[in-house]
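The next block holds one structure in the form of structure tokens; read it before the comments.
A, B, C and D label the chains in the order they appear, each numbered from 1.
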Amino acid sequence: MKSGVSIDDVLAEVALMVRPQFGKGRPADYIPQLAGVDPNKFGMAVCTVSGGEHVIGDADEPFSAQSITKLFALGLALNQIGDEVWTRVGKEPSGTPFNFLSQLEYEHGVPRNPFINAGALAITDILLDTVKAPELLVRDFIGMLSGSQLEIDEAVAQSEIDTAHKNRAIANLMRGAGTITHEVEAVIAAYCRQCAITISCRQLARAALPLAADGFSPIAEETIFPSRLTRRLNALLLTCGTYDSVGSFAYRVGLPAKSGVGGGILAVVPGQATIAVWSPELDRFGSSVVGTAALEYFAQLTNCSVL
Amino acid sequence: MKSGVSIDDVLAEVALMVRPQFGKGRPADYIPQLAGVDPNKFGMAVCTVSGGEHVIGDADEPFSAQSITKLFALGLALNQIGDEVWTRVGKEPSGTPFNFLSQLEYEHGVPRNPFINAGALAITDILLDTVKAPELLVRDFIGMLSGSQLEIDEAVAQSEIDTAHKNRAIANLMRGAGTITHEVEAVIAAYCRQCAITISCRQLARAALPLAADGFSPIAEETIFPSRLTRRLNALLLTCGTYDSVGSFAYRVGLPAKSGVGGGILAVVPGQATIAVWSPELDRFGSSVVGTAALEYFAQLTNCSVL
Amino acid sequence: MKSGVSIDDVLAEVALMVRPQFGKGRPADYIPQLAGVDPNKFGMAVCTVSGGEHVIGDADEPFSAQSITKLFALGLALNQIGDEVWTRVGKEPSGTPFNFLSQLEYEHGVPRNPFINAGALAITDILLDTVKAPELLVRDFIGMLSGSQLEIDEAVAQSEIDTAHKNRAIANLMRGAGTITHEVEAVIAAYCRQCAITISCRQLARAALPLAADGFSPIAEETIFPSRLTRRLNALLLTCGTYDSVGSFAYRVGLPAKSGVGGGILAVVPGQATIAVWSPELDRFGSSVVGTAALEYFAQLTNCSVL
Amino acid sequence: MKSGVSIDDVLAEVALMVRPQFGKGRPADYIPQLAGVDPNKFGMAVCTVSGGEHVIGDADEPFSAQSITKLFALGLALNQIGDEVWTRVGKEPSGTPFNFLSQLEYEHGVPRNPFINAGALAITDILLDTVKAPELLVRDFIGMLSGSQLEIDEAVAQSEIDTAHKNRAIANLMRGAGTITHEVEAVIAAYCRQCAITISCRQLARAALPLAADGFSPIAEETIFPSRLTRRLNALLLTCGTYDSVGSFAYRVGLPAKSGVGGGILAVVPGQATIAVWSPELDRFGSSVVGTAALEYFAQLTNCSVL
């Protein structure tokens, strides 16, 4: 980032700049719990590797983390079994929507990357090899990294489980192909419950600090990921983190990032800071409209793009 | 890059490290002119924004630039008609091989990005709106940026034109869809001739310097791209520059890059340097095996990944 | 058929002619119960509309009816809700394997025809609207038409249910699209149990007689299908009855037919006769190798092709 | 057909019954020559194997034969090289529109059947092995079978050639795959000119008589196709003759048939008669709306369905 920039001033300016973006997207509506969230919410938090913490708006209000949890689940799986993860899932952008199924049929049940639903289900399956409730492992891992106790929203979780037909189709296809080995319902339940973890922008920016700090968590006061793995996670975020709009996102924002249909986006400025933003209205790819704009403006004002 | 590192020492070490990679790939064999190149060639050049120039091996031997020229053609088109380019071509990774056609049929003839063949043909079509021989425009643009006079290898060009059945299929499909407006044969000829431009690693690294220097070319002594466009070109390289192995490439190397089936790869360290590497043997995605390894080792040794 | 031909003589000749075909295919191996059937079995039965019954070989040995049951389930559904069936399933050949899934994703969960797995699951779902155990309805319907009591092989049924991952994927996709409305597990169980009905060639040829006799069953002594529906069922068999080899099958045999992975094939000579043949070894499309050859020779010798 | 039925009476009744179908489709509009045809035209001709000839309406007015010519071109190719044809083209329904291209990319450039554009281009390529102008061969073959001199509409031919972008894409893809061996432009020109042959219903019904008469042409007074090949051509018509509505067509009409975007449909009642109908308005699959209805009513009234 440009030296001499006041992050608080930048956040205040960004909050003004994004105003015209409200009303352009639509909150996730596939379950009532997400459809009912106030669309005008907006929060943003920046944590620097040097310990700074800057927030604006609804930065302390918990929202549904959804797909952002996939990043942490992947981190756990890589810490557990290392590169063996890549025998079960690829690391290429899919070029297709996050819940696309046909690619799996053509490619022998191996998902393109760990951030589309199919890939995240494969990661859940890996975690199920060692624990009974991977969603609690993920919840407590993010909690530990954020210095707080996180919750799973049981109403959201149940609603996701009840309507997860497409994910069940995906999981059954992978079960038939052998890339999922546990009972489909166990995988689906753990996955849906993991998606239902709630978190605030401040907690999320804190939890992601290892990705900006070469693998070290200043909150947990320990090294979470080896340096090389940290870069690789950032590479995966940049090429696969925002579904089938990953090219446009890199073009506009230029930072590794992971979005979720709860309206949250997590972005990383390697070596410097993490940024978490939340606003519920989504574009047609499933990323927050206001959140993407906020990150774009932030990157412009601070000159923090990696590119 | 790590301060205090000697780039010459790094290049010497990289040249040793890549030795076991020879023989693992295969030179492009679709035309005799490429199949006949000595597979043991290896050259590498690094140009820094501060004016440094470091080379090793066959860094001054011209090779067939092929798809690497697509980057410069895109730059010209963006300078000419700006964001209108994005009405004719997308900016998302395709998830499919560089000469894939079916995606075009499903998506109304709009190519996913300007670096797959379909997208590059659309860019050629745009350039044909203003000049009769876009390949000469591209050749002279790269030449000006590299401070040298570049040539088109007429034998390569003719051979490409003679065997361009798949590209003709793509171009005719786009002509039918209206995303190509000029005569198919004119587009094919200009495109094939552009791909047949020859260049050395040193020339290529020089030519790309604007991408590392916020749009300024120290060779041409002028600003070539606006600052924002420079970042965006780097973003496109990172998410779309190495065909359907873009995720793995970012995972291994972590730099914006463009590869060509002539065995060349161009990489950018924004704010610092450009790197050009050449070795003819290709992986199954069409990128140089030794070249990719060389960039991976270089990035490790100098700590220059953007991620 | 040619007048003056002795069907018994023809069957004897066909049994000789097919001998070289044994060993060219492979029995279904996805469940142990089918893999274990003696591959040298061969039975054939012809029932004429005038009451004749001609058999050869293992024509009275029960085998797993599998997909052949789909024809009778469709007949029941059409009798129940008429053309409303065609709002839930198409009537076009799929051009793809019987358990293909991607087509469903592209076409909003509407299966191409009632004889691919997806379409048969939709028919099961329709039958579930009115009965709890559609497989028993289908079993008793075929039984009534064949004048015998048929059984469901419970070991086959259970094995199918245990391994029906792909069908579960298909059913969940359709559940999400709304083309399946009942619980996926209920649909899968009924479908798998229906496929596990066992039947002999003689019983099958008897049961199909309404398709040759303008809708009338001489066994049940009642009109089962209206005349027009009878023709339409035959049309569906001819264009969709033998999976993605329907063109080759019509080219070789020229009769409406339905095959099953148990090795049975049912063919209809409208106005004249039905033919059931059984031999377990399958071609790569899932139809009996020896059975197809037997029908081809029978059609040649009797000149009974509809074309 | 029902004995005792007067075909003239049936044709008169059919002409009344189809009246409500006018205005439901749209004439082909991709070239002005087809778009300009009077949409209210309707002609129908029936030729029986016993020498009868029955017509109604505009049965003697020439129209653009278009894809109906593919049947005769296939017949010529099969007579020339026999089953070798099937090494260059399949015999399965495609499940996709007549000008679909992606299937070719997935299946190594081998078209699904000789009646989709890709398959017809392959047949043209086969004919080019022995003659310079296959379209004249096809024209004279149909002419000979119909007892008349047929013409190629040069304005239609030129317009087709000028706009054949999709067919050029298809042909170039096949050229790259080796399933087309002659110059693409030569294949395209011959194919487009063949499609531009004009013919009347009466001429068309006469020309097709060998398909109803076991291969014998009463007009040419010679055997045109061997008996077995005749059946096989009818099988191909039934499973592949009406594009991706082949299932619905068989369901409604139950006769082997070939349609063309000029509004003509040719149908065969094996052993009995041929029927040609023409009316320009097309359904979304490219078959005449009024023509299909006319054939459906004719088949009902005469009970001539093969099923």
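We take it that a residue touches a chain if its C-beta (ideal position, glycine included) is under 8 Å from a C-beta of that chain, and two chains touch if they have at least 3 such contacts.
This one's a predicted model, so the numbers in the text were calculated from it and none came from an experiment.
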Shortest walk length in steps over touching chains, chain B through to chain D: 1
From chain D, the most remote chain by mean C-alpha position: A
Geometric centre distance via CA averages, chain C-chain B, whole Å: 56
Inter-chain centre distance, chain A versus chain C - centres from mean C-alpha coordinates, in Å: 48
Inter-chain centre distance, chain C versus chain D - centres from mean C-alpha coordinates, in Å: 32
Listing of all chain pairs that touch each other, if any do: A-B, A-C, B-D, C-D
List of chain B residues in touch with chain D within their complex: 100-102, 105-106, 165-166, 168-173, 175-176, 184
Partner chain C, residues of chain D touching it in the complex: 90-96, 103, 112-113, 231-232, 234-236, 238-240, 244-248, 250-251, 254, 256, 270, 305-307
